[in-house]
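Got a structure for you, questions after.
Chain IDs A, B and C follow the sequence of writing; residue 1 opens each chain.
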Amino acid sequence: MTVATVTSSRAKSSASLSHRLAERGISTRLLLLVPAVVFALGLFVYPFLYGLGLTFQPLPATQAQWGGGLFANYVAFFKDAFTFDSVWITMRLALPVALFNVLISVPIAFKLRNRFRGKRTLQALLVLPITLGTVLTAQGLLIFAGRQGWLNRFLIETGIIDQPLQLVNNYLGVMFSLIISGFPFAYLLISSYLSGIDPSLEAAARTLGANWKQRFLRVTLPLLAPGLATTFILTFVLAFSVFPSARLVGDASGETRVLALMAYRSFAEQLDYAMASTIAIMMGVVELIVIAVVFLGRSFLYKGSTGGKG
Amino acid sequence: MSNATLTRPTVVTGPSKTAKPGSRLPPGEKSLVASPGTWFVWAGIAAFFIFLFGIVLSVLVDSLGRPWFNTWLPENFTTAWYQQAWTRFNLTHIMGVTLLVAFSVIIISVVIGVPASYVLARSSFPGKNIVTLLFLLPILIPPITYGIPLATVMYNFGLGRTILAVILVNLVPSVPFVIITMTPFIEQINPAIENAARMCGANTRRVFTKILAPLLIPGILAASILVLVRTVGMFDLTFLVSGPNSDTLVVAIYRAMTAAGGGESRQLISAMGVLYTALMLLILIIALRFINPTQLVAQVKEARED
Amino acid sequence: MSLSASAFESLEMKDVGRRFGGRDALVDLNLTIRAGEFIALLGPSGCGKSTALNCLAGLIPLTHGEILIDGKRIDLLPSEKRDFGMVFQNYALFPHLTVERNIAFGLQMRNLPKAEIVRRVAEGLALVKLEEHAKKLPGQLSGGQQQRVAIARAVVLEPRLVLMDEPLSNLDAKLRLEMRAEIRRLHQSLGLTTVYVTHDQEEALSLADRLVVLREGRVQQIGTPEELHKNPVNWHVADFMGYRNLIDVEVESVSGKLARVTGGGLSLDATLAQPAVPGDTVRLAIRPSDLLVASTATSTDGHNTFDALVNVVEYHGREFALGVTTTMGQNLFVQAEVAPLPGEKVTLSVDSARALLYHSDLDAMSSEQRELAEVRG
């Protein structure tokens, strides 16, 4: 009698299967995600895979010259000194620039930590180059740092040098360009990492008797290091991808024959799409290796919360 | 009552601005001009700004001067370069293309990205991590690496050198950017207010139009401005797929600089450069009038507890 | 505000249950609510009270059971069609709308004429005494004020049911008391049927006509405050009702409704709230105010007494809260009118009718319940 009434009055809710799916998070709301996923698959994943596939379809000429069958493009990439050298050329530019940008941002971020009059203006100005862009910076460098430009004029007239310095159309020009566009970015990141460190940690170290150097080396730097690693990676990626500057203020056939230029040359001038994709993908691979190395080093550092508001 | 002698109050000055390194300041006081480290920092900042202003000013002066080679400043000033550049490079068309591309990219990436952000912010579902990674990748990978394969595909589809191709390639970094910006923004909106709206009788459509949309708009505007700046300034991707009819301003300047035969007249290019900067500044000024960039963070005030 | 106090006769929740993530968040909730009643759902976190409320609201679907109003099923209706008002724990005010517009929102959703909306919003503002804050944004208000706006927004619709999800838990103690009185006042003047979720038993007791005590998704007891106060059905409910002294004791003998129990340094006659036999280990529940400090003024026949050592004496204004320890080390709480000194020895007595004995195991099932569980599978 009790049993019978129980089973009869128990009506299941009508939303049974859809309820169980909704529990897992699968509902009609997910449809909102579809356009973005279609976009990502169609404009990113597919072309990338297509390009990857292309790298295994070398032109007959490439095969003839380098052998290796399907892998002819890769063989060419490693064996052709002209191409392979550009890896080192790009590294020679990107690594020092990235290091420089990160290292120089640290003391500057430190000094600009506290409030002072005009801080906002200063920060806005520091970030300005992001809006200038590489092409404009290149034109400006050509004029300003050229043989007739103000910089050389000033140095000559104040007697620091006799002959104008060759600051553009070479390695230096591209370096300057990368620093001008890369430094604000690195500064912003490191600034925000720094502000993410709870200031009371340093105060505590102070009360425990640590001087400036000790506080920096033993408290701040270890907490900042993972952020520095991340900033280095991001700045490095930006610098490694250098493209227009290498042509505009660099020496595209010599000192600054960077990978991006090589890829473009294959793509637009030689119309060797397979090789172009190969170079592009190898660019990504080299970057990944550097990132992996840095990440490996980073994993030995403290990655927990630094207590600040970030 | 004792005769209180008037002692001269000692004049206490603040920390001397010319304090030597190591001199004693009251605890807690930082002198602005003291250690070599500070000098180094200020010197570095100064050098940076010298280059920055030097560059910008050089281009500006160049664009306004009669032929200028051997002297500090050009002999005469003129605005003729601007008119010449405008007609020579058909800047009306180029400006139009630039703005068309930029606004199309903004609209499409917002329409695609904001709903995706909403789902990412509010739901968890199997495979969410993969989807998030999928959206993050275009930002992590440099443009050339995915740009060349993408451009190849564009050409294969016959879209080479078209405005459509320029729009499509610029979408690839922009949609993830919108998603990455809007997702935390939406997460900050109290999810209970959607329920509250329902309990007040609002159906899904009205929850969206009356409650969600007004709250999302400040964030969308801020993200749009950033997409606008990025797209107008984007060189690598656009260059790979654009042609004479579909160049944006940045690409046009590059082509002028690298034209066969030593490039176009330097002053013409400088004039274009100044126009480009003016366009950017205009965008930023208009944007900052309407949008507070810090709105992307901490938009909705948390309820205060007393 | 003229309100139809009974827009319905009764709301019935039949065998309502919700299963989520492999867990039963709510099981077998059977409750009939009469128009105008103030029902409190009471229990610790995770007990299912918020789940029950959200099921009522339609914000989450039921896994089992039905909800009916006057015999018609409403659990299949979406939230926006149920005509309930809801007050959320974190207020959930629309941050971009002024106080006025927040309150007006529900009225606008009903497409009422503009003049009507204006009138009712003004009444709502007057009801919660926030007239001069009408044009402010929620971010400019204090927590208590925001809560009042949330309440006004819910009641101005004259809903047939008002749901409140721990509305006072984000406020400080003093404000909580004030707002509690406000809610009571509103209920008395408007007569809206209310379901109120809280973990604070004081709040529940002072506001509710009837309480539903929940534990781990299951109803423990439903009753008026007096019923729960006097006759808690198990030791969990007793604990919630302020029976702070819970002592594990052993039954020595049973005679009728009384049993002699020993344990923790005391030996008493107590009342069997749940059946037991000699040899059982049971839980003894006594309110602090039912433990009387024996003095020469009070006569004790030495029957239900035991000795204890006073550890802590707290001054609470009108009375003292004593922490004492028995000879066997059992800590007890006593509420007394005079304060002995810490370190003093006292003799405590308790009326056997106010010393209640319960099963130690809350999930122990009677044979009937076991049958039911088997059918369910």
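Note that contacts are C-beta pairs under 8 Å (C-beta built on N, C-alpha and C of every residue); 3 or more make two chains touch, one makes a residue touch a chain.
Note that the structure is a prediction, hence the values are computed from the model and not measured.
Student: Look at all chain centres (mean of CA atoms) and spot the one farthest from the centre of chain B.
Tutor: Most distant chain from chain B: C.
Student: Could you see whether B-C or A-B has the larger number of C-beta contact pairs?
Tutor: Of B-C and A-B, more C-beta pairs in contact link A-B.
Student: State, to the nearest whole Å, the distance from the C-alpha centre of chain B to the C-alpha centre of chain C.
Tutor: Their C-alpha centroids are separated by 55 Å.
Student: Roughly how far is chain A from chain B, centre to centre by C-alpha average, rounded to an integer in Å?
Tutor: It comes to 16 Å between the two C-alpha centres.
Student: Looking at the complex, which residues from chain C come into contact with chain B?
Tutor: These residues of chain C touch chain B: 57-59, 78-81, 83-86, 88-96, 105-106, 109-110, 138-139, 141-144, 146, 150, 153-154, 157, 163, 170-172, 175.
Student: Spell out the residues on chain A that touch chain B in their complex, using ranges where they run on.
Tutor: Those in contact with chain B are residues 24-27, 29-30, 32-33, 35-37, 39-41, 43-48, 50-52, 54, 104, 107-108, 110-111, 114, 116, 122, 125-126, 128-145, 148-151, 153, 176, 180, 183, 237-238, 240-241, 243-244, 247-248, 259-260, 263-264, 267-268, 273, 276-277, 279-281, 283-284, 287.
Student: For a test of understanding, state which residues of chain B touch chain C in their complex under the given definition.
Tutor: Against chain C, the touching part of chain B is residues 190, 192-193, 195-203, 206, 210-211, 214-215, 300-301, 303-306.
Student: Over in the complex, which chain B residues touch chain A? Could you list them?
Tutor: Chain B reaches chain A through residues 30, 32, 37-38, 40-42, 44-45, 48-49, 51-52, 54-59, 62, 69-70, 72, 111-113, 115-116, 118-120, 122-126, 128, 131, 134-135, 137-138, 140-153, 155, 168-169, 171-172, 175-176, 179, 229, 233, 235-236, 239-240, 250, 253-254, 257-258, 266, 269-270, 273, 276-277, 280-281, 284.
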